[in-house]
Structure formats: structure tokens, C-alpha cells
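Okay, so chain A shows up in both of these, paired with chain B first and chain C after.
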Partner chain A sequence: MLVLDRDSRVALMALAACALLLLGLIALAGESPLRVLAILIGDGFLTRAGLADALVRSIPLTLTGLGVALSFRAGVFNIGVDGQLLIGAALAMACAPILGPLPSALALPLLLLAGTLGGAIWGGIAGILKARFGANEIIATIMLNYIAIQMVSWLIRGPLQEPMGIFPRSEKLTASLRLPILFDGTRLSAGLIVAALACVAVWFLVARSRYGYALTVTGKNADAARYGGIQPAVIAFSVLCLSGALAGLAGIVEVSGLHGRLQEGFAGGIGITAIAVALLARLSPLWVPVAAFGFAGLYVGSDAIARLTAVPFPLVHVIEGTIVLAFLVLQIMPKAKDL
Partner chain B sequence: MTVPVLELTRLSKRYGEVTAVAGLSLKLEPGEVVALLGENGAGKSTVVNMITGMTRPDTGQIHLQGKEVHLDTPRDALDRGIGVVHQHYALVGNFTVAETLALGRAGPGVLDRKVLHADVRRVAERIGMQMDPAALVGSLDVAGQQRVEILKALSRKVSLLVLDEPTAVLSPEDAARLFDVVRALRADGVAILMVTHRLADVFAVCDRAAVMHAGHLVCDLPVASATKQGLISAMISGNTDMAQLPGLPVQANVLPDRPPTPVSDTPIRVSVRNLKLLRANGSQAVQGLGFDIRAGEIMALAGIDGNGQSELVQCLAGLNLPDDGTAEICGCRSDGHWTPRLLRNAGVAHVPDDRRRYGIISDLSLSANMMLSHFFSPRYGRTVLDRARARDDTRRAIDEYDIRTTGPDQPIGRLSGGNQQKLVLARELLAGPRVILAAHPSRGLDIRTIGAVQDILRRQRDAGAAILLVSADLDEIRALADRVVVLAAGTAFGPVAMADTDMAQIGAWMAGHA
Partner chain C sequence: MDLMLLTGLLASGVRFAMPLLFAALGETVGQKSGVLNVGLEGIMLVGAFLAVAFSVATGSPWGGLLAATLGGAAMGLLHGFFAVRLKVDQIVSGLALILLGLGLSGFGYRLIFAGHQSIRVPGFERLDLGPLSDLPVLGPLLFSHHLLAYVGIFMAVGLWWILTRTGLGLTIRAVGENPKAADSVGIDVDKVRMRCAAFGGAMAGIGGAYLSTAQLAGFVEDMVAGRGFIAIACVVFARWNPLGVLAVALIFGIADAGQIRLQPFFPQIPYQFFIILPYVLALVALAGSAKSASLPAALAQPYRKA
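Our next item is the complex of A and B:
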């Protein structure tokens, strides 16, 4: 028989209470909870359009989720994914006019590289603050988010604004700098391949390389890392650069593969979701895409609920939150049994 | 006739095969200060734990104020008026002194700080102690924190106060101030049991000295009729013949025959000059320390725990820089580049004293832990880790050191302390080190493994390694060391060749008595 400790029982009860409350709220809104669930799963994961859309959304979540997983493994809490993503996209867009004339096979990788570099620089600033001056990386990365948002705001009203000068947005990327669409009739771009490659690369880094070992040791026991000759400050700096690089890559992939131009709020909320993705994947690079896809499908399904049912939009967020919570609780359960 | 505050009758406690305390009887009268002396492992801590309700005796009785009591939890002991100041303080740095004293006693609702502060001042003044109730505990030095612990104990009604190694971390001036407090408490009629290693404490403030050796109480006599040499001899050998006869010189212990090791011509591997080290809290751990260790030599660093051994080993391992003076190992100098990575590459192995903190990563597998010390050597690859080789090395270590485990992939946290220690040893000795910093290498191991570890260290020495052996165990020092340095109370005695000294001298040094 399954024996649960006290914490697990409390968590399960809280979860059950949440679910009941949710059902009640949906019923109050005049909808059948079953229908809502059917739409959530059906439109999120089971139709061609829904599936493609979920994959589109899972690309930036995977890339940023990988970055968060890397930094969290080292015990460094990068909350600045949003800022790193924006700066990555902005730097790449600033390079776009130079890269435009080049052949696509050369220009596109350089564009992605510029985005990666931009994110790495933004992460690296937080890294220097932490490694050199002992600043708390959580505060530093959050503050850098605000700076990045305002900087991009200014850029698309100034130097990077489209020549028409009407809307606060950049010019559209030329076709040679756009990631090709993989399947006709969808918005799914070759960014999916970039994300898949990033998964493999990060997995290799974490599971096979010496650097990945140093990351894990530092995250689990910084004193033992020092004892072994690893410098936690160097690890903190480098992992913030790497984490930022992946976020920057996500930013330019999002622009080049989906939106085509830089505009305000084009990737809002990705940073926070990336943390949830990484935690749900237990910081394992191979589970990050799975968790990202789950979240993406949830978003697509929620959109459908908002569109097709009488459930008010705020309630959609409540449903999302409850499902994520449920997953986290279920994840804790087997761990609690071990103890 | 007064009723004794505390009376222990034939207390015994066994842990598995080991008898920690055997038939101990001890009496404390009101207003009496009794020193409980003994080497590490003599059973003092077990006695303290039984008095304070941390462990229950197997047999024997405890009487408080003439009534038999069963102390099942620390709470029971507290409620019956037994206060204790542990060697390691349990304080909240962000709390003020007054808040600390309110912790666990204040009821729900708003704290009345005025009343609290007045309470603290009243208790402090009663024993002639200076204490600002509004000071943050974290801002106090060790001596100040100890005073807070004493106040904490006294803020309840206590008839017995247990002080566990109270002077181990104090400067002489702070120790003198502590003794004033002890005298004030004695005048108040509080009985005090002071667990200590230092003879100076005994003669400064105690009325009686009780000496434990290997679980037995070997002598219990008024301090006025005790001698330093006698107490030392009782602590080391359990021999009480001379404890009460003043003036007799202590016979030199006969050292086991050992082949004299001709090391005077081998190269110097470790060199320490005029070294000064501070503890994390700013107090002085070591000063003016100087010694050399040559290849093919074991230098013992003797002393009671907490006298700067950890700081010295961490400094030599590259984890800390000296606060003054220099250290030099295999051509690396502490005034130049001095990092764990550099020293490990130069061939330094380090068996840390705090294994759980530095030596292992509990969540990771045995083979992942195996790689920790060889991270910067090419042994397991430069970029890509050679995990197969780490697993092979681990498997060999499991066989060779008889590590009880399900295999190289088991998380090391699941192993017993002794088995963890064996893996740490196997890892450190894996690559044929030139210098071995071994802090308590046999701590937590069973007798058989201790012998094996000592054999391994001897073989490493014969193969030409320079070894610094940190130990508080005189038997181990006698069995292994070629020369010895003793750290006590911030000063260093020696180094001296083992052939030119005896256990009594080393024991006296360890007790801070030149």
C-alpha cells in the first residue's frame, strides 16, 4: 500500500481543493467542466493546427528553459531571461542591415550568432556583478530586465525604427534572414531544428563534459567544489553568459522565425514560464523540450477555451496555474517516498 | 548534610560494540565546580548527553536534588533546572540578545522589549556580566556569543550548569572573564560541570577534577591535592598512581621500536614560516607557526580539535590565504598564486576534516565523487569526461578498501560515514600524491580499517610522500608520526622528533601546559 508522509498528504489535499474550486468556478461561469477539459486537450494537442501552434510556442520555451536549467544546476538563479532575450534580438536586428546582402546560408547563422552574443553579454553583466562584487544574481538579472525593456523601447522608436516612422517597431527582416517555414500552412519554422540542436548540445554539456560536472558540483555543494579546485565565481559568471546566450538565441529565433520584426512585448512572459519549464523538467536538458511542449499546448488550449467557451479569460490563467501546480505536486510525491 | 544537586550512579552506555561509558558514578554538591577531563573519545560527551537528556543511559540512575529522574528529552533536563552551554552555539545571528533569550519561552502576542531588556540586564548583573540586550548576536565575537549562551541557560532557574569545552575558542582574557562568571555562579549555589581538555582551566576555577579514560572514571579528587603531571598521566594512560603525589616526575612512555627514517637529506616538500591564521569569526587560530616536512616523513599535527588545525590544513590546501607569514608547497608559494587547483596539480592530496561539507557531494554517485579531486588533472579527460574510467577506478577502490555499497552508481550520501571516508581516502591517494594533508583520516572508521589506513599512510611515506597528519588521538600519532607539532590555545609547541619526546610531554602540550 502506498504510504504518504504528512507533507504529501497536505499537498494532495490542497490540490484536490484547488481542483474542486476550479470545477465550481467553471460551473459558475456556465460551462461544463468536461467540455472545457476536452477543448483544452483537444485544441492544444490533438488537432493539426493546435499541434503546430504548440510546437511554435515550445521553441522559445525550450531554448530559454535550457538556459534556466543550466544556471539553476549551478545554483545560480537567472531570472533575467526576458532581458537577455530582448537584448539578443535587438543586437541581431541591429546587425541585420549588414548581414542582409550576404547569401542566406552565411547570413542566417551569423544573425543567430549575433542574437546569442547579445544575450550572453546581457547575462555576462549580471555574471560580472555577481562574480566580481558579490551582487545577488536574482536582483541583478531582474533589474537588467527593466533596463533591457526600456532600451528596446527606445531602439524601436529611434535607431532601429522602420523608415516609415509611424509604429514603434523595426523594419521587417529580409527573406534571406528569415528562418524557413518547415510545413506549409503552419507557422512552424526551422527554429524547431535550432531548439532540437540546442537540446542535444546542452545535454552533452551537462552529462558528458567536464564543465557540466563543475556546474553540478558547484550547485550541489559549493564548498566541495572549491575543495576540488573549482572556482564558484568563475562558474557563476560563465553560466550566466551561457544561460543568457540561450535566451538571446531564443529572442532572435522568435523574431526571425515568427514575427519577422522587433516590436514591444513580442515575447512577454517567456522568462517566467521558462523557469517553470526548467523546474518541471527537473533541470534535465532532455526533459526541457517535453515540459516546454506541455506548457505550449496548455497555452494554445487555453486560447481555445477563451475563444470557444463562456469561461472568462482570467479563469483560463487559474486553470493553467492549477495544472502546473498539479504536475509539481505529482513530481514531489515519489521524492517524498524515498526519504 | 546537603543534598547533592546531581548524583550519577553506575551509569553505562554502549554503542554497538563500543562501550562509551562504563559504570560511572559522580556527585556534584551545590556551589561546586567539577572539571570533567579526558582525551577525545574518553566518554565525556556521552556523559554530558546523558545528563542533558540527549541520550538515555543503558544502566544506572541519575538523581537530581535527591530524586531519581529519567531524562528522555533535552526538554526534560531543561525543565528540571539543568542548563547546558554546548561547544557549538545554536544562535540566530539576526536576533538581538534579548530576542534570543525570548526564543522558545515567550508566549504568543507582542514581545514587550522593555521588560525583556530589563530581564536580560538583571540576569547579567547578577553574575557580573556586561551585556547589551539590544546587540545583534551576529555582531558579537565568540566570547560574546558564549556569554549569550550562558545567559540563555541562566534565564531559566538552573541548579546545574554544564559547560562543554567553554575555553576551547576563547582568548586568555576572555577565559579569565568566563571564570569570573563561573565564580559568581558558584557563589550563587549553582553546581557547575565543566568539560575540558585544559589543565589551566582546572587549576584556575575548579574545585574537583574528575578524569575519564576509555569510558571509566579513573580519578576524582580535590584540585587542591592534584598535580598537572598526575592529571596528564591519568588522561593519557588511565594511570592514577601519580595523580595525587605532588612533585614526582612523569616517566617517559616507551615508544614502540620504529626504524629511524633517514629523512634529513630528502627534499623539503612543505615549508611553513611564521604563519598566522584567523578563524572565520576573526579570532586568532594560529600564530608564529613554523615547520618543514620533508619527502618520506610523517609530521603529526597534534592538538585538541578547534585549536587551528582546520584553518592550517585549509590554508595548506589553498582554500585560505595566510593572514601573515608564508607557506610553500612543492614550489608554490602562498604569496604568489595559491589556489586548490594549483596545489592539486603540484601533487597535494587533501583528506578534509569536515567530510560532509568539503569532501563529498551527497547526492552524486560514488564515481562522480571520485572525480572531484582529479577534476583538473588529465586523468578523466580534458573536455569530455571519461566516466568509464572513473567507474573503473571506483570499482577498484570498492574492492581495495572494502567499501560497503551497491556499486559505483550509488549516491554516496546513502553510505555510512566510515564507508564515505574510505572513498575519500581512495580518491585522494589515487594519483600517487607528493604531499598528503590528512585531517583525521581514521575518524569514523572501525578498528580493522584504521589499521589498514595507517598501513596505507606508512606505505605512502615510504614511497616518498610528505604527510601532514592531523590527529587528536595520541595512539595514532605514536603509531605513525616521525615528528610532531602541537597546537594549543593559539600557540604551537615543537616540532620535535618523536624519538626526543614522550606521550606525557605531548599530552601536556595538548593541554596548553608547556
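Our next item is the complex of A and C:
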């Protein structure tokens, strides 16, 4: 018999209130919650097109979610995934003209590497600010987001703009620099394989390496880490670089696998969803793709809801917020071994 | 730069500073009591939206302000509930507020205003003190702001006085510095923190309301554009001193107003380099002021009775 303590009961009631709020919002828009839920699940997960779309969207969410999970494990809150993703994509696109003439087998990995490097640099700036100057990384990474958005806005109207010079966007990548499409008739690219490899690599790093151990110890107790010979400042800097690298990789994978060129807002809102993904996966690299797929389907379903019903799209953020609160509630639930 | 231009710059700097000032003052009180709320951005968004929606509904910006204040306080209480009552990670709870704020404000905006482009928002009027407001330089600088701006400046002074000179301030600081000692003299730590969290939320709501009904006239999705985070940077840079917060918010306001006014003078420099100035300033401020001894010792640490 499961007996919950008072805190847990109160927390569960709070969650129930959140669920009621969601139902209330849907009712406010004049729709039946059942119909909305049916569309969300049906179009998000159960149709072939929806499923393919959800897989497409889960690629950048997996890569960025892995980065967020790594940094959160170390108690470092990288909220600046969007900026790192943009700078990664931008640096790779700046390299694209040089890589274009090379054979694809060489050029494509180099392109992805350039994106990874760009993200790492942008994360590293926040890392230096934190490690060297003690600046709060939450604010630093957010400020760097806004700076990155403006930098890309300038690049696609300046140095990286397509030769025609009409639209604020870069030239399209040549075929040799595009990630191949996996299944005909879908937009699902080999980015899926990149994301899967990244999951394995990050899992190895977290679960099997000394560095992963140092990350976790630092996140749990920085003083204990220091006592054990781990320097929290070094961890903070390196994990922001790594986290940024994964975001930068996500950026160039989005461009090379999906859009083909750099344009404004091509990856808006991924950063904040990546946080929800990492938390829902409880910061575990192997659960990240599962959570990413869940959120991707949520987004695809929410698109369908906004198209087919009177419920506006931003409901998806309310759902995300509720999921994050649910994550917090789960944390204080009594563990099985305590019962 | 001539005097007219400078006066205009400083006067609009004051206007631009106000959303930051309100949010940062509330966060100062919250952090002084030990509650870190990184979700100001979300609360400001809700405040900005509620202010517009209820200004239109009631026909008065004060109705909007009231709604924004209450909505902000409710979100502050939600954060308090998780951070103080349930004692979970305050940063994660704050992140949830950002998502909720983004969602609720965007949802409400599209539901009510989608398709009605030309809604007139009854915004705050500038103060008109007759001859005083007509004074050269001093008039635009000191005597022709929105009434709310004077409230903000008054609150900065008032909160400084309360925090440093009154028993209530001592209680708040004790709870944030040494909750165990505060508890031992009979202070209900969680209750004080809950109230400070609600106050912080209400102030962020007012900051959002100022943005959408005084500085600008209308709501746009994601209009807060990082100001919630710059407000937190203000608190750190001002070393948790409300008078310092006023000064720092003014610096940011003037920087923001300045970047817009500088753009036409340097057409050869891409305008994006001007837009990033306040954000770069925030980074510099953070790097220059961290590791401060003024940091409340029990910030973001839940208190559990032994």
C-alpha cells in the first residue's frame, strides 16, 4: 500500500491543478479537450507523416538535449543552446564555400566539425565568464543568445547573404554538403544517425569515463569535488564548451539535413525545449532521444491543433512548463526503496 | 552631441529603465530572503500581456496594472510553492515559469487579439505639471514621465530604507543570510520567503505592465526580449542594494535608449551591432561584479527545520 507523505500529496495536487489549467485553457478557446488530445496524439505520433515529422524534429532536440543534460549534470545551467546552435550553423556556413569543392566524404564531416566548433566557442565564452570571472552562466548564456541572433541577422544580410542579395538568407548548400535523406518521400536525413551516435558518445562519457564521474560529483557537491582534486571551474568551462559543441552540431545538422541554408528563426525555441527534454530524461543520455521524440511529437501535434482547432499554438509551452513542474514533483516523491 | 539630444536620450533612458527597475527591485527582495527566481522573464511576459488585455477590457491602464500585479504575484507564489514549500531546485522551478509565461501570454494574445491588428491600448499618459514640465532640460528629464516611473523611483528608495533600516528588513535579510538563526528566534522562515517570492512576482508583473502600457503601447509575443535576465544581472551588479539597482537600471535604460539613437549617426556600422550593446553591457557587468560578498549566504538554499 502506497502511503504518500504530506509534501507528496500537496505536490500531486499542484500537478492536478496544472492539468486543470490546461483543460481550462482549451475550454476557454471553445474546444473539447478530448478532441484536442485526439488530434495531438493522432497527428503527432500515429500518422506516417506525423511520425516522420516528429522524427525530423527529434534530431536537433536530441543533440541539444544531450548538451543540456551534460551541463545540468555538472550543476551548470546552460540556457543558451539557441545561441550556440546559431553560431555553430553560421561558422559552418562560413566554411561551406571552402569545403564545397572537396569530395563529400571529406567535406561533410568537416562541415559538421565546423558547426561543432562554432557552438563550442560560443559555449566557451560563457564558460570563461563563469570559470574566470564567476559570472552566472544562466544570464551569460541568455545574453549570448541575443547577441548570436543579431550576429546571424547581420551575417545573412552581409557577408553570408546569397549572391542575389534579395532575401536575408545564405546561399543554398551544394549537394555534396547536404546530409542525405534516409527514406524517400520524407524529410528525414542522416542527421538521425548523427544524433544516435552522439547519444552513444555522450552516454560513454557520462557513464564510463573519469570525466563523466567528475561532472556528476561536481554537480552533486562542488566542495566534495574540490576535495577530490576536481576543479569545479575547469569542469564548468569544459562542460559549457561540450554542451555548446552539441548545440552547434545540432545547428549545422538542421541546416545541412533540413533547410539547406541559413535563414532567420530557422531553429527558434529549440533551446528552451531542450531543457524540458533533458529534465524529462532525468539527465540520462540514453533517455534523451526518447524524451526528444516525445516533445517533437508534441510540437507536431500542436501544429495540427493550431491548424485544425481554435486552440492557439503557444499551449505547447504551457504543456512544457507543466512537464518541468511534474519533473520537480517526481523528485520529491518517496523512492521505492524508502517505502 | 548637443543638449537637446542629450536631454532626449536621458529622458528616454529613464523610460527604458523602468521595466528593469521594477523587476530587479522585486528580485532584490526575493534574493535577500534567499529565493532565487530566474523566471522573471516569464512573469514579465504575463504581466505585459495581462496589462494590455485588462487595459483594453477596463478602458484604463490602471486596470491593466492591477491585473498584471495580481498575475505576477500568482506566478511568484507558484515559484514560492515549489522553491520554498516543496524545497525543490529553485532554478528548475524558475525555468518552468519562463515556459509557462511564454505559453500563457502567447496563448492569451492569440486567443484574444489574433486578427485584430488595430486595437488601441489605453496606455499611461505622461505627467503634465504645466510650467514644470515645460522647463528646458529639467522638464523632459524630471517632470514629464509616466506616474508609474515616479512610483518606481520612490520604491527603490523605500525598499532601501525598509531593507536596511527596519525590523521587517532585518527579518528578510536574516532569513536569507542565516535561516537557522532566524528560525531560532521564532521567525517563520518559509512564510517570510513565500511573501518575498510573491512580492518579487508582483513587481516583475508591474515591470511587464510598464513595458506594454507605458514604454510601448501593445503586446507582441516574446516582447520582454531578455529583460527578465538583464534585471537579474542588475541585482547582482548592484550588489543587492535597491539604490544601486536604481542606478544600474538607469545605466541599462540609457544604454538601450542610446543604441537606438546612435544608429542613424553611423550608417556604415550594421545596426545589429547597436542592438547587442545592452546585452554586451550585461555580460561585462556580470563579469565585473560576480563573487560578491553581498551575495545572500542562503540564496537558493531551501531551509529544513532540524
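Quick note on the criterion: the second predicted complex is superposed on the first by the 297 of 339 C-alpha atoms of A that agree within 3 Å, B and C clash if a C-alpha of one lies under 4 Å from a C-alpha of the other, contacts with A are read in each partner's own complex, and residues count from 1 in each chain.
In this text, contacts are C-beta pairs under 8 Å (C-beta built on N, C-alpha and C of every residue); 3 or more make two chains touch, one makes a residue touch a chain.
Keep in mind the model is a prediction, meaning the values are calculated, not measured.
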| item | value |
| --- | --- |
| Partner chain in contact with A:Gly321 - chain B first, chain C second, else both or neither | second |
| Chain A residues touched - chain C or chain B, whichever exceeds | C |
| Partner chain in contact with A:Arg210 - chain B first, chain C second, else both or neither | first |
| Chain B versus chain C as contact partner of A:Gly228, first or second or both or neither | first |
| Which superposed partner A:Gly165 touches (first chain B, second chain C, both, neither) | neither |
| Chain B versus chain C as contact partner of A:Ala276, first or second or both or neither | second |
| Chain B versus chain C as contact partner of A:Pro101, first or second or both or neither | neither |
| Interface residues, chain B side, partner chain A - complex | 317-319, 339-341, 344, 350, 352, 357-364, 368, 371-373, 375-376, 380-385, 387 |
| Chain C-facing residues of chain A, complex | 7, 10-11, 14, 25, 28-29, 77, 79, 129, 133-136, 138-140, 142-147, 150-151, 153-154, 157-158, 272, 275-276, 279, 310, 312-322, 324-325, 327-329, 331-332 |
| Complex interface listing, chain A residues touching chain B | 208-210, 212-214, 216-217, 220-221, 223-224, 226-231 |
| In the complex with chain A, residue positions of chain C that touch it | 38, 81-82, 85-89, 91-93, 95-100, 102-107, 109-111, 114, 221, 225-226, 229-230, 232-233, 236, 270, 272-273, 275-276, 279-280, 282-283, 286-288, 290-291 |
